[in-house]
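By written order: A, B and C. Residues from 1 in each chain.
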Amino acid sequence: MKAFFDSDIWWSFTRSPVVVLSAIVALVCIIGAVFSPLIAPHNPFDLASLQLMDAFKPPSWEAEGDPLYLLGTDDQGRDMLSAIMFGARVSLMVGFCAVIFSTVVGVTVGLVAGYMGGKVDALLMRIADIQLTFPSILVALLVDGVVRAAVPREVHDQIALFVVIFAIGISNWPQFARTVRGSTLVERNKEYVQAARVIGLSPLRIMRSHVLPNVMSPVLVIATLNLSFAILAEATLSFLGVGVPPTQPSLGTLIRIGNDFLFSGEWWIAIFPGIALIVMVLSVNLLGDWLRDALNPKLR
Amino acid sequence: MFSFIVSRILQALPVMFVVSLISFAMFAYVGDPVAIMLGQDFTEAQRVALVRDLGLDEPFFVQFAKFVGNAMQGEFGLSYRLSRPVAELIAERAPATLELAFSAALISLAVGVPMGIYTGLFRHSWLSRFLLTFSLVGVSLPTFLIGILLILVFSVWLGWLPSFGRGDVVRIGWWSSGFFTVSGLKAMILPAITLGLLQLTLIMRLVRSEMMEVLRTDYIKFARARGLPNRAIYFGHALKNTLVPVITIAGLQLGSIIAFAIVTETVFQWPGMGLLFIQSVGAADIPVMAAYLMLIAVVFVTINLIVDLLYYAVDPRLRTGRGAGH
Amino acid sequence: MSLLQVKNLRVEFPTRRGTLVALDDVSFEIAPGEVLGVVGESGAGKSMTGAAIIGLLEPPGRIASGEILLEGRRIDNLPYEKMRRIRGREIGTIFQDPLTTLNPLYTIGRQLVETITTHLPVGPGEAREKAIGWLELVGIPAARERIDSYPHEFSGGMRQRVVIALALCAEPKLIVADEPTTALDVSIQAQVIAMLKTLAREKGTAMMLVTHDMGVIAETADRVAVMYAGRISEIGPVRQLVRHARHPYSQGLMGSIPPLDRRVERLQQIDGAMPRLSAIPRGCAFNPRCPRVFDRCLVERPELMDAGTTRASCWLYAEGAPA
């Protein structure tokens, strides 16, 4: 631990106030989201506490605002702040799971392709290339559409969350695979890996204990930058109405709902979830950017 | 030159093959087109007839070959949702999307490239820092949110610009254009900015990093050592070398404009292919999805080909082939 | 009057771990038409000296003190635009790797013409004729046809000839050549260096030839400066320095060249490695490796002093040194 605080990474971290700030913001977002059932002022899913009388309340600082609802209420009388906290929870969960999914798939494919080489490598990378030809949001949309067509509606509503995670995750593995493959090719030809082979270690073991640790830092950078992408992708899908189910509204769903009330003057229903989304993604992006520069001394 | 084009087209074939395979698989195996087309009441005879009509009783490769053959003629069958030929639907919507994408691409290139050059050259000026922060915000802003914010400010609060639709269009043959009417142009502004902004920031960041990379090279140092004026170094030497990688990536980025048009069109109720696609995804309208996928693949392959040709025009090393003479 | 004077030049690199002194108290002169060889291990500051002279130190490196004078005028503190007019016109530069110093996207003709028209009052047509003339002078066969070729169409040796033509084409009085042959095939090195030497002599161009190839120095230079850890450890006429080096480091350096005229059992070698800039020892920077080190070397830094036929920064040549 002491070594960590002595390291260049920690030094460059403390030197940049923007990075420290975004780390704090990201932490606040995560805590607020994860513990939303405990700390949110209201429970937006508790139908008993919903008062239609309280619908369309503007934020508390406006003339007709209600101090009970800091950021106002939506068309159902739900407290916006609580809805945002619960929504951020869904957004973050989908984001994290999707990134973990694409990391696992991408790293595995990359390791196998890089280590095996030859035809396996050519085939896997060709697949990655073809998929990379298409923007990942399109791939995610398509996967979602196909699953929607393939399973009956009732089943789909139950598994919708997993479908979104799968769709976003699958749309983004090639980036990991390419990077890991590149690093693996370099590592594979180093003497210590050759030596490990000569003494008869199994390929699986070599990959896990020798190659994998050496390719982790670029993976970490991509994963961080991808987290913001995954959160955005989820929000986009949900905004388009093909993402998470309406019973578990994410930030994107909230914005979609709010969009309908933009013209009638209830701007806060769309804008506050939007701001929450931007703040979350921006802080993650800033962290990712910094991490990339810090781990890549060439650009410093 | 000719062989270059041919080899690039040959490289594109596997992509098209895989995409049509996926489209076909969606077409043939996802959902049950027969049940969807027949509706609630049908006899066994009707079902069998339809299966034969659709050719669903034939072997896989025959079906696939027919599918590809039809696709080449723009024949994708009927939309489940609208019961109209898919080709007709797409042809109707294509001009809207293409005009939008063209305007967005124009904005992102015309603004993004100069901004990238500036921030790459004057890395420490306050304007560069501002633009860089702005670009990071731009990358973090989801397209739909940009659209909503623009609508809120310019349509709801200021009332300057329309928030949905294309305005009045002029028909030129089967093409409908919004470029020739005031309302059409006004309707174009917000969606085009929405769609172009993300690409703009990406292109700016790309040009900037390439510029910085090129400025570190030996030939730029040598150009300085030869005493060339900064103008010649930056715009003569650095810029052209920057363009080589930028062309590739910018080309791909521009391709994704078509994809992101889906989102923009939803926000602005823009009557283009993207809106059609998203409605089809929601309704599990497979024929439209399959056709859209194929169309996008053709667009991307074409863009890649154009990018390669541009590359060829810019980089003399490709023109003369490998191997140094003596 | 000497053409170039470098006086007590000190170059620093501010880093977050403190300031590194890359060049310290470097002084030398080059007379018109003279070839000064600069030798030393990599990292000794040879290339840095060249970069400081042409005013193109990599940031954050900067000249902290000292002066550089060209024909008596100070050039180390000129504004960028004035210094730009000196680069190429008065001081030409040759870089190490011809494969990367030419812009791959422009023909060599265009690169030559732009250099000539930047510095000389000639039109494009005349500049092109001059360019062809220079290509012929540096030994490019069929120059008139090859002028519109791209760099990648030439071999490494030919490309370095083009680079030399680019450095000479505005007829500078001084050439800073930074390892001009290191990246070339051994068989071509001699040709290129001979051509460079002949051209410099014909045009009366002075040259600062940075290299770690003692053979090249012995053949080309009039005087030699030996650098070690950012300082000049010895400077003097080439014959004296090669045959009778005075500084123990130069002696070691010369001892590591295999002589052609007699058999030796073993080449001499210097133990250890040059210190990093962040860890230069107190006293003489060479003291940990010096076979003749004595107590004064450990505490006091030697300046350049007369050491017989050359000048060396070594306490052995001060009064009161052990015999």
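Miscellaneous remarks
We adopt the following convention: a contact is a pair of C-beta atoms (placed from the backbone, for glycine too) under 8 Å apart; a residue touches a chain by one contact, two chains touch by 3 or more.
Quantities reported herein were computed from a predicted structural model and do not represent experimental measurements.
Of all chains in the assembly, none touches chain B and also chain C. Across every pairing of chains, the maximum count of C-beta contacts belongs to A-B. Centre-to-centre separation between chain B and chain C, using Cα means, comes to 53 Å. Mean C-alpha positions place chain A and chain C at a centre distance of 54 Å.
With centres set at the average Cα position, the gap from chain A to chain B is 24 Å. For chain C in complex with chain B, the touching residues are 54, 56, 84-89, 92-93, 95, 97, 100-107, 114-115, 118-119, 149-150, 152-155, 158, 163, 166-167, 170. Within the complex formed with chain A, the chain B residues making contact are 14-15, 18-19, 26, 30-31, 136-137, 139-145, 148-149, 151-152, 156, 163, 252, 255-256, 259-260, 262-263, 266-267, 277-278, 280-282, 284, 286, 289, 293, 296-297, 300-301, 304. Interface residues of chain B facing chain C in the complex, by the touch rule stated above, are 217-219, 221-230, 232, 236-237, 240-241, 244, 314-317, 320, 324-326.
Put simply, chain A touches chain B in their complex at residues 126, 130, 133-135, 137-138, 141-142, 144-146, 148-150, 228, 232, 235-236, 239-242, 252, 255, 259, 262-263, 265, 267, 270-271, 274, 277-278, 281-282, 285-286, 289.
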